[in-house]
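Dropping the structures in below, format is structure tokens.
Across the two complexes that follow, chain A remains constant while its partner is chain B and subsequently chain C.
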Partner chain A sequence: MAGKIEDESNDRVPLRLRPEWSDVTPIPQNNGPNPVVPINYSEEFSEVMDYFRAVYFANELSSRALSLTAEAISLNAGNYTVWHFRRSLLESLKVDLHVEREFVERVASGNSKNYQIWHHRRWVAEKLGLEARNSELEFTKKILSIDAKHYHAWSHRQWVLQTLGGWEDELNYCSELLAEDIFNNSAWNQRYFVITRSPFLGGIKAMRESEVLYTIEAIISYPENESSWRYLRGLYKDEATLYVNDTQVSSVCLKILRTKSNYLFVLSTLLDLICLGYQPNEDFRDAIEALRTSDNEEQDSDIARTICSILEQVDPIRVNYWVWRKSRLPQAA
Partner chain B sequence: MEPSSVVETPSPTVSQRDQWIVESQVFQIYQLFSTIPPNAQSLMLELQRDKHIEYLSKGLRHLGSAFSVLDANRPWLCYWIIHAIALLGETIDDDLEDNTVDFLNRCQDPNGGFAGGPGQMPHLATTYASVNTLITLGGDKALASINRDKLYGFMRRMKQPNGGFRMHDEGEIDVRACYTAISVASVLNILDDELIKNVGDFILSCQTYEGGIAGEPGSEAHGGYTFCGLAAMILIGEANRLDLPRLLDWVVFRQGKECGFQGRTNKLVDGCYSFWQGGAVALLQRLQSVIEEQMVEASQSFTKSDAPDEKESSAGTSSHATSRIRREGISESCSSDVKNIGLNFINEWRESEPLFHSIALQQYILLCAQEQEGGLRDKPGKRRDHYHSCYCLSGLSLCQYSWSKRPDSPPLPKVVMGPYSNLLEPIHPLFNVVLERYREAHEFFSGL
Partner chain C sequence: MGDLVAEKHVQYILSVQKKKDSFESVVMEHLRMNGAYWGLTTLHLLGKLDTVDVHEVVSWIMSCQHDEGGFGGNVGHDPHILYTLSAVQVLALFNKLDVIDADKVTNYIVGLQNEDGSFSGDIWGEVDTRFSYIAICCLSLLHRLDRINVDKAVKYIISCQNMDGGFGCTPGGESHAGQIFCCVGALAIAGSLDLVDKDLLGWWLCERQVKSGGLNGRPEKLPDVCYSWWVLSSLIMIDRVHWISKEKLIKFILDCQDTDNGGISDRPDDAVDVFHTYFGVAGLSLLEYPGVKPIDPAYALPVEVVNRIFFSK
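Entry: the complex of A and B
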């Protein structure tokens, strides 16, 4: 057979030779005589799936079928039909789900970017209920310590918090992750999740003040970090007036403008603020004037137009966007 | 990059380090490109058509045992390969075509929907891939092979009260499921109020504070889900309920100095986002009037006054009023309206400047995503695969037609990077099938 020889296949007894399977007729895949995208399965793979089809179509809810699903999953953890059947088996055989959880963890160690594993994990945790909470939080933390932006792990963690709780340390956890990597947008997203939904924190209105302070500090350390700017804007979602009137926002903008470096997000933020009604004072006009590079650029009394012009120069990948923004500016008063 | 000063600079974070590694690889390529003579540049920019077709066709006929991990995704392999070949303006052999229709029919469940392989459970994603493949093949045999009535039943069973859909029986619920279901229902003309019900609410709840759309409420804004969410909202006539200016702002900022798109803020460039993110911008461009309305609305919600409290409440009222309209949708979507959204979307085309940098994106795809032996990839250093071949080419097509007066008008040579022979077939940006194929399918199914 073409394909590499696995170590296990030397020890592995084919199903057709196992006495406990002797009564089962394996069912080959209905690939047809001329299949497209045909996969050159190993002998082991074909055999396992042929026997799987036999028990699946017969709806045989037995422990040998359960073991078989484990074999099938180890060969292809993406087969959602096998996972689905496994869940039926677990339920009907009343299997201890703590043991199942360990099984999932073993499978996940090779395969963590796989929808089926995470969906199955969620199903198991839901069945186990509250007692699963800490182990689920630990598990996701472990995955995130290897890949701090793992999408499935974060979704699962959010599901655990919402369904089983455990919010108490979550804001701290976000702060830890951000201390390690302030550019970790997943951690910022989680922070937003916590401040808006944690039953212990009183919601965004209550948290806004302290979060603005936290975010501004992050902005000052790394003004080139898009995550913190978007988070700041997010703190004022649906509160345009508060956003425009917050002097901390305008003053951090001015501060960074004056350094004349890493000011891309400052300008973008200012533009948004002006479109929402903010009126920059003389200090801003002077600071922006100081950024204009060429004398050929038209002097524009409209500061928003000036900002767009500067952005067209310093952020060339988005030149079309800035040109369009400029064309959409409210008419100068 | 500022040189390190006397004060010790902190060591780079993981994000910074990963980003700089990719930047240096990509810039090395661009640097090389900029130093070679124009003839050599032209060669470098050439789309390796023959090589790509060879790689793709081969996969249709034979896949090695390593592909066992995609044994529950075979319709996807069909779609990635056949759609990519169609983009390159080629057709596949008649025998392969028949075999594909036959194979997908074996993946079709008697109770509706298409599975990842013969004998497996039907799944919304593989249903989307199967239907799009059959549409790309075209012709009565392929199109008639879809059991629309049963498929509708399958979708109704997957439909959830919260508006979302499960991907399969007892499967996960997310924005992908919404898009795959709505997209298929729309193109097959089986989209109705029951399927549409509350979808808008669910997708809206997935728009994050960043502006992009996540897979589930609370998760991080992500390019794949953003395309899915936006396309689905357009197809049900509720795109105006999203915060579109914020969405647009988030998406355009996903294109970085590497010239390609990243999937999430502060993550790495990847060729496949050429379609997911580039496609989202292309869709948003068709919604410009709505975006502008929302921008005007936002600028009016703030009022300056001497008595901020008083004015705030009246401003609050007006913004509440407008956001209520936005929440409920400007018009009630009903079946007869949604029936023609897909077709109207391309028929009511206006010329516009692309809002992303089309030439830069083409540069990334042609110089960084192509493998010289055929196939396209995520980024330099990663191996080619059929998924990336499909989505890099889909993104390239979007770029080439991004200025067009009509969705299929041949572009001017200056907007096509590299030789004009690089030109691909135009796509329908809501469904990602070749436009001509979509039109045929629409006609076929609209009478049914």
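Entry: the complex of A and C
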């Protein structure tokens, strides 16, 4: 949220004392009549911004202005107007963008949750073109190693892959991240992104078999993992019949049901399958019967209704959803 | 459970408005226009908008407008679609939309639509479904939605729909409650909610509620009061809000209050800020908490303000 606080080093020379700035009149913020109460940080910040306003309004495209934007950004990386002006300066002064990339990297290390940094990074990468590919993939990897669900980093990485390429290792990268945290929804999303869009993999049809195996293994390890179940369903997007008929899906459901633990998503998946035409056999009936905890629960010959009843009990925060699901089931013959 | 300490929140917001020298104020000065929207809408919802000087606010807003029609985050800041919507929303709160040249603002936004139907945030070209929502919401408030290519805008939004029923920032981007609010809100205003798989999305959204009653923005993330708005308004727009536990969510939001000093934080015991105060109160509004005026889930403005714009003479 806030900008990175500079070291309170006594060797920072205020701008008003720097000879190279002596010709500039700083412009105070026009924010109403309340006087600014000086506290250390606030004083330095106000001074830098007052001088920034001076060069910004004068449209001074100079190297001292460029340095000043770096100072302003280090004090408050969220100020988008400073970033805009910096881009104008970079263009006008024809600055080496490789150097600029390093600047962004330094700023990002303290401030990565900030739209401006990512947009600026993309702007620089766009200008550098294909040669930027590896550095951009490395940069996002670095950020993701600190926060593996970082939304901006993932967005930037997707842009890089689509614009500059580098798909070859991406599925492996997803697997690495999932090995570290199988619950990482961003990594699952990226996996889907790769199998559906990579020019090297042949699309979802070609990848389905291996991906189902991968996902089932993940589900068995942690059946309470929402992302893996959604991913499995996604592998059969627009292919309901294949989904219903895939014995791997139904057998992993049965396997987990029999453990009598972490079966929430199994039940909802089974419910979906039944609604799509799946007909559970005696093994399923027995396994579900074994889950019914309360004698007060209505005995129901309709297995789908029983599943809904169980879900109403074990997922009470979403009871209304399960009641609605039950109401949507076709009436028993 | 505890109550909403409405009066303390009002005092908190008014004190933030005044304290221009605080650290928070100083580092957020570039997005003061958003801050104004969060603070003033909250005051309106709590029935205290009249404590603010209309003329001071309106003249400050107008001083943030640029020749091309867009508004900056504060005086001396470049125009951006984000602050343009906030400016229009705040003017709407005060029933002062007539002070702007609506065509000028419209031209600015129309100029930001791209070939594929998406919208850029400003001349620097960042694309995000947030901006699609902003364009559609803003132009609708100005009665000029027909000036953009709505079909293409809708097509682009739908291209960001994921297999889990949710929406991301760009095609293929991870489903995220904030982005979902933007896409569903945009589609609602554009009259294209039929393109949303409401059952699938509704389930994804109601799965955001965790044991504590709070809502997260994506699977396996922590709950945050701001999702009380984004998830909740989305559920209301697709008519599935009864799929979450309202009581538990209310309790979570109330637990995020600073009952001594006012303000609401992202989760219990954290520091408060205006952003989360607004989202907490707006969430309570959607949950019909007594003493909070109703808010429109698509326009994110009080219902009486929206009615005034669309249903009066």
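Keep this in mind: the second predicted complex is superposed on the first by the 314 of 333 C-alpha atoms of A that agree within 3 Å, B and C clash if a C-alpha of one lies under 4 Å from a C-alpha of the other, contacts with A are read in each partner's own complex, and residues count from 1 in each chain.
Everything that follows uses one rule, which is that a contact is a pair of C-beta atoms (placed from the backbone, for glycine too) under 8 Å apart; a residue touches a chain by one contact, two chains touch by 3 or more.
This structure is a prediction, so every number in the text was calculated from the model and none was measured.
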Open item on the list: Let's test your reading of the overlay: on chain A, do chain B and chain C clash or fit side by side?
Closed with: clash
Open item on the list: With both complexes superposed on chain A, which partner does A:14 reach: first (chain B), second (chain C), both or neither?
Closed with: neither
Open item on the list: Just to be sure I read the superposition right, which of the two partners does A:261 touch: chain B = first, chain C = second, or both, or neither?
Closed with: first
- [ ] Figure out whether A:110 sits in contact with chain B (first) or chain C (second), or with both, or with neither.
- [x] neither
Task: Touching partner for A:240 - first (chain B), second (chain C), both, neither - done: first
- [ ] Kindly classify A:276 by the partners it touches after superposition: chain B alone (first), chain C alone (second), both, or neither?
- [x] first
TODO: Using the superposition on chain A described above, determine whether A:202 touches chain B (first), chain C (second), both, or neither.
DONE: neither
Task: Chain touching more of chain A, residue-wise (chain B, chain C) - done: B
Task: chain B and chain C contact sites that coincide on chain A, given as residue numbers - done: 2-3, 29-32, 34-37, 39, 41-42, 45, 53, 56-57, 76, 78-81, 84, 87, 115, 119, 122, 149, 151, 154-155, 158-159, 183-186, 189, 192-193, 197, 226-227, 230, 233-234, 237, 316-321, 324
- [ ] Flag every residue of chain B that touches chain A in the complex, lowest number first.
- [x] 2, 13-16, 59-65, 67-74, 77-78, 81, 95-96, 99-100, 102-103, 106, 115-121, 123, 167-172, 208-211, 215-216, 218-222, 248, 250, 252-253, 255-257, 259, 264-267, 292, 295-296, 298-299, 301-304, 308, 312, 315, 319, 323, 353-357, 360
Task: chain A partner contacts - residues on chain C that touch it in the complex - done: 18, 20-21, 23-24, 26-32, 56, 60, 63, 72-78, 80, 124-126, 162-164, 168-170, 172-176, 202-203, 206-207, 209, 211, 213, 218-221, 242-245, 248, 273
Task: In the complex with chain B, residue positions of chain A that touch it - done: 2-3, 27, 29-32, 34-42, 45, 49, 53, 56-57, 75-81, 84, 87, 115, 118-119, 122, 148-149, 151, 154-155, 158-159, 162, 180-186, 189, 192-193, 197, 225-227, 230-231, 233-235, 237-238, 240-241, 244-245, 261, 275-277, 279, 316-321, 323-324, 328, 330
Open item on the list: Going by the contact rule set out above, which residues of chain A touch chain C in the complex?
Closed with: 1-3, 29-32, 34-37, 39, 41-42, 45-46, 53, 56-57, 76, 78-81, 84, 87, 115, 119, 122-123, 149, 151, 154-155, 158-159, 183-186, 189-190, 192-193, 196-197, 226-227, 230, 233-234, 237, 316-321, 324
